[in-house]
Structures are given as C-alpha cells and as structure tokens.
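Inspection log for the structure reproduced underneath, given as structure tokens.
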Amino acid sequence: MVMGDLKFCPKEGLSRWVEELSREHTVLVPQQAGDAVEFLPFAEGSELSLDRQPTAPPKKSVFPQTETLMRFEYQKDPEHPDRQTLQIKETLPGKEKTVILGCRPCGARGFSVFDPVFGQGEYLDPYYQARREHTVFVSLACRHPENTCFCNWVGGGPADSAGSDVLMLPAGGGYVLRPVTDQGRQIVEVGGFEDASPEQQTEADRLAEEAAENLSPAPELEEVPDKLFELFENLDFWELMAAKCISCGACTYLCPTCYCFNISDEYSGLQGKRIRTWDNCMSNLFTHEASGHNPRPTKAQRLRNRVGHKFSYYPKLHEQVFACCGCGRCIKSCPMSVDIREIVLSAKEYADE
Amino acid sequence: MSAGNGRELRIVGFLCNWCSYGGADTAGVSRLGQPTDLRIIRLPCTGRMDPLFMFKALLSGADGVLVSGCHPRDCHYSEGNFYARRRLELAKRLLPTLGFDSGRFEYTWVSASEGKRWQQVVTAFTEQIHTLGPGPKFSH
Amino acid sequence: MKIGVFVCHCGSNIAGTVDVAGVAQAAKNFPEVAFATDLLYSCSEPGQEAIVQAVQEHDLDGVVVAACTPRMHEPTFRRAVERAGLNRYMFEMANIREHCSWVGKDKDANTRKASDLVLQAVEKLRFDRPLQAKSFDINKRVLVVGGGVAGIQAALDCADGGLEVVLLEKTSTIGGKMAKLDKTFPTVDCSSCILGPKMVDVSMHPNITLYAYAELESVEGYVGNFEVSVKKKATYVDWDKCTGCGLCMEKCPSKKAYDAFNEGIAPTRAINIPFPQAIPKRAVIDPTYCRQFIKGKCGVCAKVCPTEAIDYEMQDSFVQEKVGAVITATGYDLFDYRKYGEYGGGRYPDVITSMQYERLLNASGPTGGHIQRPSDGREPKKVVFIQCVGSRDKSVDRPYCSGFCCMYTAKQTILTKDHIPDSQSYVFYMDIRAPGKMYDEFTRRAMEEYGAQYIRGRVSQVYPYKDSLIVRGVDTLLGSQVEIEADLVVLAVGAEASRGASELAEKLRISYDAYGFYMESHPKLRPVETNTAGVYLAGACQGSKDIPASVGQGSAAAAKVLALFSKDQLESDPQVALVSQARCVGCGKCVQTCPFGAIQLAEDRAGNPKAEVIETVCQGCGLCTVTCPQSAIQLQHFTDNQILAEVNALCQQAMEESFES
Amino acid sequence: MSPELSYAYYPGCSGLSTSKDYEISTRAVCRALGIKLQEIPDWSCCGSTPAHTVDHVFSAALSARNLSLAEQMGSDTVITPCPSCLTNLKVAAHRMEQEPAFQQEVNRHLQEPCVNTVQVKSVLQALIQDLGPEAIAKQVEKPLSGLKIAPYYGCIMNRPPEVMDFDDPENPVAMDEILRGLGAEVLPYPLKVECCGASYGVARKDVVMQLSGKLLDLADSLGADAIATACPLCQMNLDLRQDQINAALKRSFRLPVFYYTQLMGLAFGLEEKDLLLNKLNVPAGPALAKMQQAAEAAAEQDAQTKEQ
Amino acid sequence: MKYVAELKAKIREKLPELDVVIGWKQGFDPVHASPAFMTTPEEIEQLVVNPLCVQNLATYLPGLKGKKVGIVARECDTRSIGELLQESLIEREELTVFSVKCPGAVDLVKLRQQVGDLGRVRSISFDGPRVTVETPDESSSLDLGELLPGKCRVMAYDEPVLADFRFVDPDQDTVCREEADTDLVALEQMDLDERFAYWRGHLDRCIRCYACRNVCPMCVCQDQCIADTRDPHWLSAETDVRQKWMFQLIHAMHLAGRCTECGECERACPMDIPILTIRRKLNREIHELFGYTSGMDVDAVPPLLTFQPEEKSITEREW
C-alpha cells in the first residue's frame, strides 16, 4: 500500500464530500426512517446515520429486490387480430455510477459471495455485472462490535476491506480514508483531502485492533461443511433447531449474502415485463414445483437449507468460502431470536458426539 | 360540479345479479339517464363481494367504488347481504385511516324493481366522486 | 386462448348511441381476441348463426357478446356457443344496452364505456374454464301455495297432468276472494256457480292433497328437491271426525266472533264453517271468542258434536313434504279503507268497502242478499261509490292502478239497481279503465241501461248528517262542487300485496317489488317464472289482476311445472364453489357461514380436515369464497382471479403507470 | 310532576287584541300546569296571510327572525297558540331545511342568521305530547260534566301533514282527548277540519256565512252545548259572526264558541280574570248553567247512593 | 419474579403428561429472550419470566395441533389463545395453560432510544418498576412504564381469559394500562393527504419478509397465504408500495374481528413500520359496531362470521 494513498476526512468534512460526490453520482447513505436505518439517496439536508449498523445492508443497490429483466408487448395486426408479434425491449441498467457510503465492511463483503455466482464462470449475469461495475463502496470500519457480530468467524473483521473500494477508519475526530481499489482512489480524490498524518494512521489501526479484540473469539469451523452434510437426513436435529422459527423472510431479505431469486412475468393487457425478485428459502413456496411437489415442506427442512447453503453447499462449490459475512442481522432481526451461530455450533458439536 | 360534464372519473361498481344488476337493467329499460363514469362488475351476490376488491380497485387508481345488492332480508341466497353489510361497513370505516375519503366507497341496496332508485344512486355517487376529485395516486 | 367478440347493434337500441363498429375495432386490440365484429341483431337466428360460424371458422375458444343484459339472453348465447362446439361457460356478456346505450346520452362516452365493458368481459373470459353440469334426480311433486282461483286452477291442471299436488290454504276453506263475490263481470254470472265445481274437483282429485288452515313454515333445498315444512294450525276440531254438519255452529253460545268471510259486516259463532259450500267443509274454533278458551268453561260444541270431533287441547302440528316445484298463488289483500280519514271508513258504519258490499249483495251473505245499511238495516236508496280508494294515489303509497275496481263498481251499480229498482247509484271516478273483452260495453250498460250517475272527480269529505251521509266532492267536468246526501257509501278499495307476502318471499328466496307483489323473471317474456329456479307465480300475488287473468296464470304456471317435470333429471348449475384441497387448511369458516349447508368438513388422504362442497346443494352465492382467508374455496365462473381481472381491466391506467417506473 | 317544561313562547299579534282571551287563558293554563313560557323578546308579526301571498322570502324572513331570536334565547322549542302563526313559522322552517339556498336568501334579510335548530309546536301539541292528557286531567277541580262539546280544530292546524307533522290531518283527536279529560262529553264532530271561511270574512262575507253556518248547523244537529276551538280566526267567525250567520241563513243558533284553553281554565277552577269569558259574543252563561245543573244533579244522586 | 420457582415445579410435575411446554429462556444476549420448547427437566431450569419475554407464544399453538402442549402465557397472550379456541383452531383438551401475571414488557425500540445500540448492552436487571441497564460506557436507571410497548398502554388485563394454573406474586400489580391510543390519535389528526403520504412513506420500507404475518397467532392460513400465490393472483411479485400496502390490507381485513392486538406484527417488523395502527383502528370500529372484543369469550362467534338482520349500529345511507 502506498502511504500517500491515505487521506484524512475530518468529521465535519464528510457531508461536504458526500455533497460533492452526489453531483456526479447517486450516493446512497444510511439514513433513519422510522426507527430503521436504510440506504437512501443523499439529497440536500439528508442526515447520515453512521452510529448504528444499518438495518438492511446495501444489497439492493446491486441486486435490487425487483429487477426488470425485459419488457415486452404484443402487437396485433388490426386486419387479422389472431396474428400478433412480440416486441421485446431490453432493460439493462444504465452506466451511471452509484456510491454506497457508510456501509459496514461486512455489508460490502457480502458481494464477494455474489461474484462467483453472478459475475464469474460460464453464466454471467449482465444486470448484476452492470450494477456491480458501476457501484463504489465506501465502508466504515466498526468501532464497537455488537453482541450479534461474528464477522471474524467467516474471515471478516471490523476493518475488513474485502469487497470495499474505500475503507473509512475512525480516528482523531474524523476518518482515515484508505482506498482499496482504483475506483476508490478516484472517489477519495473528489474530496480533496489532506494526507492522513502518521498519528492518525496509528490511531486508526489501534481502534481497529481494539474492535477486533472486542469480538468474541472465532471457533474452528473447518469441519462444519462436512458435518452439516452428514446431518442432512437428521430431521430430528433440524426440527429442534427450527422449533421457534416462524418461517418468515426477515433473515433472508436482510442478509447481505442471500442471492436466491425468482423470475415471473407481470402483465397488463398486451404489455408486460419479466422481473426477477428476491426469493426466500424460508418460504413454503421456495422452489415449489409445478407438479405440486414441495421439496422442503416443513420449516425444519427450510432452515436446514438456509444454514446448509451458507455453511456447507456454497463452501463446497466455491473454495471453502462461507456464504455468510457475519453481520448478525439474521440474529437481531429475527422476531423469535433464532441464532445461526448456535445452529452452526450445535451442528459441529452434534457431529462430534 | 355535475358528473355529466367534464372529464370522467373511474368508478367501479360491484352489483349482485339478482337485485341491483336487475335494478340497473330496469333503469336502462326505462331509459333513466345516468352519468357515464360507472363500470359495473356483476357478482352473484354481495356475499361474494370481498372488501379487498374495493381496496384493490382504489389502490389501483379507481376514484370511487360502489357496491349494491338486495335489500336486507331480500337476498336471493337469504344471508349474503347480511354478511356483506358487516364487512363493507367495516371496510368503509377503515378508509379515512388510510388516507382515503370514506365517500369514495359506498354500499347500498337497490332491488330489481327500483330503476329510479338506481338512477338516483348512480347520479348522486358520481357527483360525490366528482366533488372529491381524482383519488390519491402513487405517482412517482 | 382465441376469443371472439361480437358487438350487437340491437337495431338502433345500441347503435343509436354507441359506435358499435368502433367498439368491435377496439376489441381487436384486446388480449387474445382473435376475431371481432359487429352484428345487427346478435340474438336473431342469423346473428346466432354468425357467431357459430365464426367460432368454427376461426377456431375460437371463447366468445364475448356485447349486447343487452345477460339476465335476458345469456342462456340464448350459451346455447349458441354450445352449438358451435364450445363449452357453454366459455362465454361472457358485456351489457352495453341497459347499462350503457340506454342510460348515457353522449355517444363518445358511451362508446368508451362499451369498449371498457367489452375489455372487462374479455379479461374475465381469459380465466373462464369449461364447466360441466351435474344431473340429479327430481321429485315430481308440486306445492301450490294459496287456494284461491289461481291456485285451484294451477293445482287442477298439474293434477290432471299426472303430478302429485300439495295444495296449501291458510284459511279453513279454499275459494279465496272469488268465493266471496256475488256475481262476476262482465257476464254477471254467479261467482260460486262457476267456482264451486272447481273447488269440489280439488277435494275429489286423487292427485291433490289439500292442507287447509295451514301455512308454509320453511323451505329448504332447491329446484327438483325442495323440502317444505307445513304448519297445520290448530283448528280444535278433529277434521278426520268432523262431518261438517254444522250442529256445533248452531248451538255455539258465543255469537260475537269476527266473521272474516263476511268481511266483518255481521258477527258469526266462535266455532264456524265459513260458508255452506266450503271445501273442506269443516268447523274451526276461533279461540279469541270461544268461551271455553276465554272463561275456561262452556264445552257446548263438544257436547253436541255427534262425532266427538272437538279437541280443545289441539296444538299446531307440522308436516314435512318433499316437492320438486312450488307455485305461489297467494293472491292479494284489500287496501285498508281507514287510511283515508276524509271518507270516514271505520268511523261511520254506513261507509263500507266494495267487498263488504259484495257480501251484502250475496244471497248466502249475512243479509240473505238484501242490501241493508249496517247502521240501521234500512234499505239504501242513494248509494255513492267512490273509486280509486288505495289506487293511483301516491299519498298513500299506492300509485298503481288496481285494474279491476272500475269493472266491479260498474257491476255493483247494476246489481244495486237489480236489487233496489228505485235506487240511484253515483260513482265518483278518476278515469274508467275497462280494457278487456266486453268490459267497456259493460260500463256503458251500467250508465246507460242502469242509470248509474258517473261523476268525474274526487271526494273531499264524507260526514254523517242526521240520518244520512253527506258526500262532498268535485265534478271536474262541470267544474263545480257537488254534494250528495247518500244512504250508503261504498269505497272501491284497491288491491295490495297479501299480508305476509314478504315473509313468504324470504322463505322462498324470491323477490318482490316496493309494494310487496312478487317479481316475475321477466315482465313480458317470463311472467310466471321467478328468479329462483323451480318457483312459479300465479294470480294476484304477482300484481293485481282479475279472474280470467288469474286463471290464465294458474294454467300457465302449471304448464311450466309440467314442462320442468317432463324430464327425469335436471342439470345443476355448475357455477358452484370448488375447494382447492392443497390450499384448504380445514378451518371450517366456510362451513360455518354457508347459508345452505352445502359445505362439510371431510378428511384428505392424510387425515387432514378439508372442506368439501356438495355440488347439487351449493347455490353459487360465493359467500364462502370471501369467508375463506386463503381463498381456497372459489366460486367457479366468479373466481378471485376473474373479478381481479375485471378490476384490473377497469383500473388499467393505474396499472400501466406502474410499468413506467 | 315530570321535570319542568319550558318553552320559548310566541303569542302572535291577535293574541294581544282580538283573541286576548285565548292568549291570557293559555298563559293561565300553562301556569297552572307548571309549564314555563318565556316570551320571545322583541318578537315581530309572522306576516299572517298577506306576507306570503306577496313574497315568500320576505314572509319566511319574518318568521325566521322570530326563530333566530328564540335560538339566541338558547331555547330548543317555540310554541304558539295561533295556528296561523304556527303555519308561518313551520312553513319557513321546513322550507329552509329543505333548501339551503332558500335559507341563505332568507338569512340575508336578518341581522342574526337563523340556524334553524328550534322546533316549532302549537301549544296544543306541547300539551298533549310533552305533558300528556293524564297530567292535565289530574289538574281538574271542577269537571265539565254534562257539557256537550263539538271540537273544532280548523283547517290549518294539521295540514299540510308533511309540514305540520302532528295528529291525524283528517281526523285530529288531540283536543278531544284534553276535553274528555276535563270531564266534558266530546261529540263526534265530523267537520273538525273543515274551513270556516277564514279571512273571507272581510272580502266575501257570504262565503263565511255558508261555511261557518254549516259548522254551526252540524254542531247544533248533534246537540252540542258549545263549540271548542283552537284558532282565533275560527273563533271569530263562529262567535262574533254568529248573529250575522243567523240573519243570513234565517237560523237562531246560540252556541258559545270557547277556546279550549278557556274550558281547561274553567275545569281547573281558574278565575274570570284568567279566562275572560265575558269577551265571548255568544254568552257562555246558559251552557255553563246547564253544566252546573247536571253537576248538582249528579252530586245529589251521589249523596243518595252513599246514604243507601 | 418470585413465582418462577413455583412455576418450574408445576411444569416439572405436568411434563410427563405433555409433549412439550413452551416458555421463554435467555436469548443470545442480555436484552433478548427467546422462545423455549421444554421437553426435559434441564430445559425447564432455563425458563425465565421477565419483561424481556416479549414473544406471544400462542403463535406456535396451531402448528402443534394434535400434540399435548403446555404454554406459559401472560394475560394478554391468553386472549390470543381464547380466539384460537373460539375458531376451533386448537383443542382445549390438548392444552395446558400456565398463566403468569405479566411482569411488564420492554419495547426494545424504546430501550434502544434510551441507551443506544442494544448490541452493546452488557446486562439488564429489573427491580419492580426500575430497570437498570449496563453498557461499556454507562449505567442507566430507567422506568419500566416508559419502556412499555404501545400495546400495553391501550388495554389493561388483570386476569387471564383462561388458565389451568395461575402464578401471581403477592402484591404484584398489573403493569399494562388503558390509555388513549396516541398513535391512532396522532394519525387521525392528520388530514387525508398526510395520512396517505404517511402510509406510502412507511410502507415503502417494507421488504415483504412477512414477519408480521408469520408471527401473528391468528394467521392460520399458514403456508397458503394469498399473498404468495398466483392463483388467486392478488399480489404481483413486484415490490412497489402498492403491493406492500395491499398486503397490509389483506392481513388487516383477514384479521378483522379476530385480531387480539398482541402487537407481534409490529414488534416483528424489522423495518419498524407502524402496522398495528391499522389493526387497532379496525378493532375500535368493531367494538363500536358490534360491541365485540376478540378472544375474550371462548364461546363467542367472531363478528364477521355472523350477522344480525337488524344491525343496530350500522346506519345505512339514504339516497
């Protein structure tokens, strides 16, 4: 890392920087709405809410809950109404740049789980690619880990830079800005900041370390993928784990790494659109087959899928990387306080017995 | 403002087949002139009228919704309109909380012989919707 | 799906105020519409043929006809569609006549509306599925409610046609209003001479079961399979034993009972047989006057009865009957003459109703056919008839013409002159309505041969003065006030719906108009049918009518029933509720609310409770569909998706708005 | 006694002059019954017959002013003894209720707009509906036993029914009930609501002779000792013009024509100053004497029965 | 709560007759309790009853039909049980109700507004109306009354609707109370346009996770909710406000006359959308129209599943 890359943004300079960025880009920043904190477009007077982990991660900026894949229209021949032609209109996202500012490192890291699925290999997803390419993440390193944080279990950390373009490290009444990518560097340049002083750098590192130390120690999870696999047929285990689960989608829809989707056509008269919407493996209808057969008729089987996918099937397909960034949203937003850590550890211990 | 003049608004009517649909027919047969805004959906009975159809119509841009069935005690199916009355009254009372004027929705009873009453209902309701103007929209 | 749209001109009925060709053109651009055209008269033979041809030529799967109300021609077009080889439920109608061309003046607005209505029908049709009717056995018995002349005629015609008939009469004898009349217009023949034999036929007919002094308690079921409960009111006389000898009536010491048959002009005995020709000729005790009931002692009738038929402990009893069709012939009642305070009816004894006058004229009446004033028994010399008492008057909520009063008043003036040659009749009238065979000639005779003096005008006041009644009114032809010192005033009371008509209608689930007269299915083309399958109308219950019209309707209703029963099985309407077993959670809310008991909880193969519809019992109201929160029970042909499709079709603009985002 | 009844009171112009006896006896009877009458301050004429034949708005404004004053008093009900005033007040209120535009128009003439919230009743209606015949009967000290009375309501007290909304428009019975409660014998008088000729007394006296003559004739033929009335104009035509009628029709009626309130007062035992019986043209004396005799005879018989 | 020991003893005693007893235990951190499904004496030992036990456990009952279930329930929770019994969605014979006097409840949103991020709370303790919260930075003493969820402020329950065993501490007061419904009052003070904007704004946040529905004890359609299907196609898969709003109306109308105002829908909403207000409004109208309060009488018929030929409180419009 080139030392000269590090800049210092004083606290009061932050909103000026955001304002500056918003001239050229859409800038999504955490803002309070009700008691929730959401990523909303920055507009004049917007108040940034950086103290709390945002309620929802920035997932929807790259992977919107509803993505229009195409529009179509039937055109009829007025002389022969039984003949019609289908016209299709492409709806790829534009090339305008979006900046996400103020997400946590775990939120940005989520996309590293998406990339192998949508952006690499044989099948590329142009919608995802276009948005991913044109979105810049400025992540704010965590100062105080919460009870639900477990990023250190899955390879992350309070100042993890994976997936981010710029890392903002709190220090000296402001932020040390650490560009991670070229795109990040360009963004930081827009702010015209001074270089960060060595003291500021040291303080930033110290605070990051402190935060890391405040996390509870990460358990050894190496055997987990296999053990979950072994537990696949053990429905008693899953029923016990799922007893209090109510099968809602709060965990899934707030998860930075869940990427399952559904595709449907919505019509009105002769026109319509094909849309891709988030799906949710907690739902009864998830991969429900047209025949009427449901591969996962019970909530136990569905919870097994969610945990198994994150901690077993995905890592087995993608270089042992867990499909989880440890943000803890699934735990704290669960109305019934289902704790995925507890399930993973139970699986590990169960297998041990 | 009189409903006949000016731009039409979108008014959706749900009528039971046996009484009010017949009442509207009677009005037609007697050539009792009415404003043209209303479009009628035929139901077997107001018991079939899910209040959610009303909400669906209003949220989809209808400016007014009118439900009409047999007078209480005269239901072709004995009890359909009794259930409907409870459901619809409740739904009507919820509207203002959602930000819709409760006058955008009315339910009433018109028998197959009451062509004149049907004309009166349609005219008064259409005027009422025109007084309220277009319903709230989700313009982006 | 390939849909054909046919837009009807209906001559100029639709085409006059709707651009019919424009609507057809617009329809071509509607989803899945493969063919659209306009037709001059779609219901005519060439119109229907055009539809059949188009279906076959263009290989259509469904048809929309935009024309009149489906309440009129839906069955016609369903048959046409079926002839073309489609399922009859792959059809929708857009009502662009009654709901559009006939009520809107602006042609552009009407055309837009008609287009919308067609689109709505097309969108609904896209969700139509072929439905198959189920056949079910029918019970070829018929219930006739009401034993007046219309009911008697209907019962006899059905019985002669080989059907078993259950005839219900609420009073203790059949005969109805006609049995009370002295003579009938315009022939002036004796009413009981022509009705009597028919009444006897009823009592003798092997196919007729008569329940007199009985009412309809409840009706369950549906066309072909009604189950009715008949309430036999307590008569306190065992009719199996009673021979109708009349000894009890002779000896009964309670002589102040109200005589309903004689319209209360004279009292009768507490135990009585209404008139000598009564069918059945059986005695009934009126407990409001009977000393045994009031004072707890008397028992004279029980003592004198030669067959020991008296039973003071008798209770109402109930009989269950199964029938396949019902003919309602409940007749009419008379307007309450007290409602006109100015005529003094009810206050002055010599102001009477026309029906009371009939009883005074009748040889079997309380005066033996001698006209006597109720107040003093004197023979009246000047009789004033006031017409339209409870007819054609909005102020008493009777704006309709009762139709027969002009005629019977003319008859009564003739009879008055016959009975009292030196009498003079005066008739206050509004208009003379005599549109029947020999009717107008008859009123002419009353005036010209019998010297009845007709005064065109209303009466403002009747009041007693010394020995007579002063009738003050206006002669609008002379433009002056008139005052007549009359001996007797006869009010020509109009007909109104039978008391209790609405309660019976509720039991039979038929409709009635604002005045309580039963609604026919179509005022011209289906005059004796109701909107409830298997229930028919005869006589004045449908609207005031005279004897020939009532008899005609009785026969017509009988013919309808005979036609209905000409098959051994009926087809049930397949527009019934259907349960999606996969979606039903077995909560039973539909079972709880179904008005017909058509839903029961059964178990699926896994033993889970699931709702199940009994198709032939379901009437297709759709109440269950709304009650079911997960919409697992759907009324076919009116499914959620179909109604939503219609809503979406009408609110499409808003839908399209969402596509712009 | 039921909670105190209190009304805004509109006496009407004739009450201060030609029908002073009606007005005074009304007040006296109400006082005896514990009914509080609060005279509308600064009330003005209702316009009588002339105003509404000329200008409906103006006529209604005259009444609306009085109604508005009553509203300002905080009263919810206005009562008046005079049917003619009653008609004007009620017609104005009714039309203003039916037609908001008309109300606006009327209110333009008024300093204080009429909100049209007060109810208008006749004194008779208030007595029968709010107090009830039993309460009135209870107050009777000297029953009018033996007095045969023809009750005559006049033609406008109950008509048109949709406006007046009280009693049977063709056969009213309110006054019958009160009189019966006083102990009098109330005759079935069929011409209760026939017209007396009203203000034709000025323009076409012959009409009044005919119409009022018929009323007297019927009462006489029924054997009435007196006529009871509730309308100043009727009373005037039947009483003041009785001599003229006798002359015109060559008859010799001597029928006293009481206001029903005078008869109430008599039965309640009120004094002459509250009844002004001496204002009647046809003297009440003979009729009252007949009643007196009947009463004495009855008392005697009563005493005899007791002795036995 | 002092009665907890007694409660545990009673559950231990009854456990052999029961398949499972549902109660609460400590959750993943000091401020979260979590439902506990107790089948062993060891699990009973983990049972807690305190103001953090906020979940209405009645929501699990319909899913356990056919099993013998014991349930620890506060007074308000028994109202939901009452309604489930009313609708025959559960069987009384299969149910054992351990009714506890409610120790009050903490609205975690209100707590967070007082003490900051809940993820940093080290400990929380209750002493009557006092709540003491420790974070690494400070220790705060709060009033439980101020932390009560809205649902505890509009209706007071002194006694359970039904109970097999009842546990009350001596001198224990009812914490919930009946006050004006401030949320609804505030909403009704807005004009219609503001109300429309209010809902459009709030519902825009909805992520269609259906936590509100799935946590609702009265949502008995289970996996067959019409929000999820295309037949019938009430909602599209789109995530525009119209769909979200329509869903809330579907939920509210399907609950009309059945909702027991347990407030779980609003508590479960991760996006803090004030959806209980709509249900409360309906309940208020139902009370006014039919004099009916759901769940309070096991034998009553919910008002939309019955009718009166003459509805005394419904004044129909004259035309």
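Should a chain be cited, it is by its letter among A, B, C, D and E, assigned in written order, with residues numbered from 1 in that chain.
We take it that a contact is a pair of C-beta atoms (placed from the backbone, for glycine too) under 8 Å apart; a residue touches a chain by one contact, two chains touch by 3 or more.
Everything numeric in this text was worked out from a predicted model, so none of it was measured.
Shared contact partners of chain B and chain E, listed by label: C. Following the contact convention of this document, no chain is adjacent to both chain C and chain D. Comparing each chain's Cα centroid with the centroid of every protein Cα atom identifies chain B as the most central. Taking A-C and C-E together, the pair of chains sharing more C-beta contacts is C-E. Distance from chain C peaks, on a Cα-centroid basis, for A. Chain centres here are C-alpha means, and the one lying farthest from chain D is A.
Here the CA centre of chain A is 71 Å from the CA centre of chain C. In terms of their C-alpha centroids, the spacing between chain C and chain E amounts to 54 Å. With centres taken as mean Cα positions, chain C sits 29 Å from chain B.
Taking each chain's centre as the average of its CA atoms, chain A and chain D sit 90 Å apart. Shown for chain E are the residues in touch with two or more other chains, namely 222, 229, 234, 238, 240, 242. Within chain A, no positions touching two or more other chains are listed. Which chains touch which is summed up as A-C, A-E, B-C, B-E, C-D, C-E. Chain C makes touch with chain B in their complex at residues 69-72, 95, 97-100, 102-106, 109-110, 112-113, 116-117, 120, 502, 505-506, 509, 511-514, 519, 531-532, 575, 593, 595-596, 619-623, 625-627, 635, 638, 640, 643-644, 646-648, 650-651, 653-655, 657-658, 660-661.
Residue ranges on chain B touching chain E, taken from their complex, read 51-52, 55-56, 59-60, 72-73, 79, 82-83, 85-87, 89-91, 93-94, 96-101, 106, 108-109, 117, 120-121, 124, 136, 138. Chain A contributes residues 33-36, 38, 51-53, 55-56, 65-66, 144-149, 240, 243-244, 246-250, 252-254, 262, 264, 266, 275, 277, 280, 283-285, 328, 331-333, 335-339, 341-342 to its touches with chain E in the complex. Against chain B, the residues of chain E that register as touching in their complex are 184, 187-188, 192-200, 234, 240-242, 245-246, 249-250, 252-253, 256-257, 277-278, 281-282, 285-286, 289-290, 303-304, 307-311, 314, 316-317, 319. Residues 340-342, 344, 347-348, 461, 463-466 of chain C are the ones that touch chain D when the two sit in their complex.
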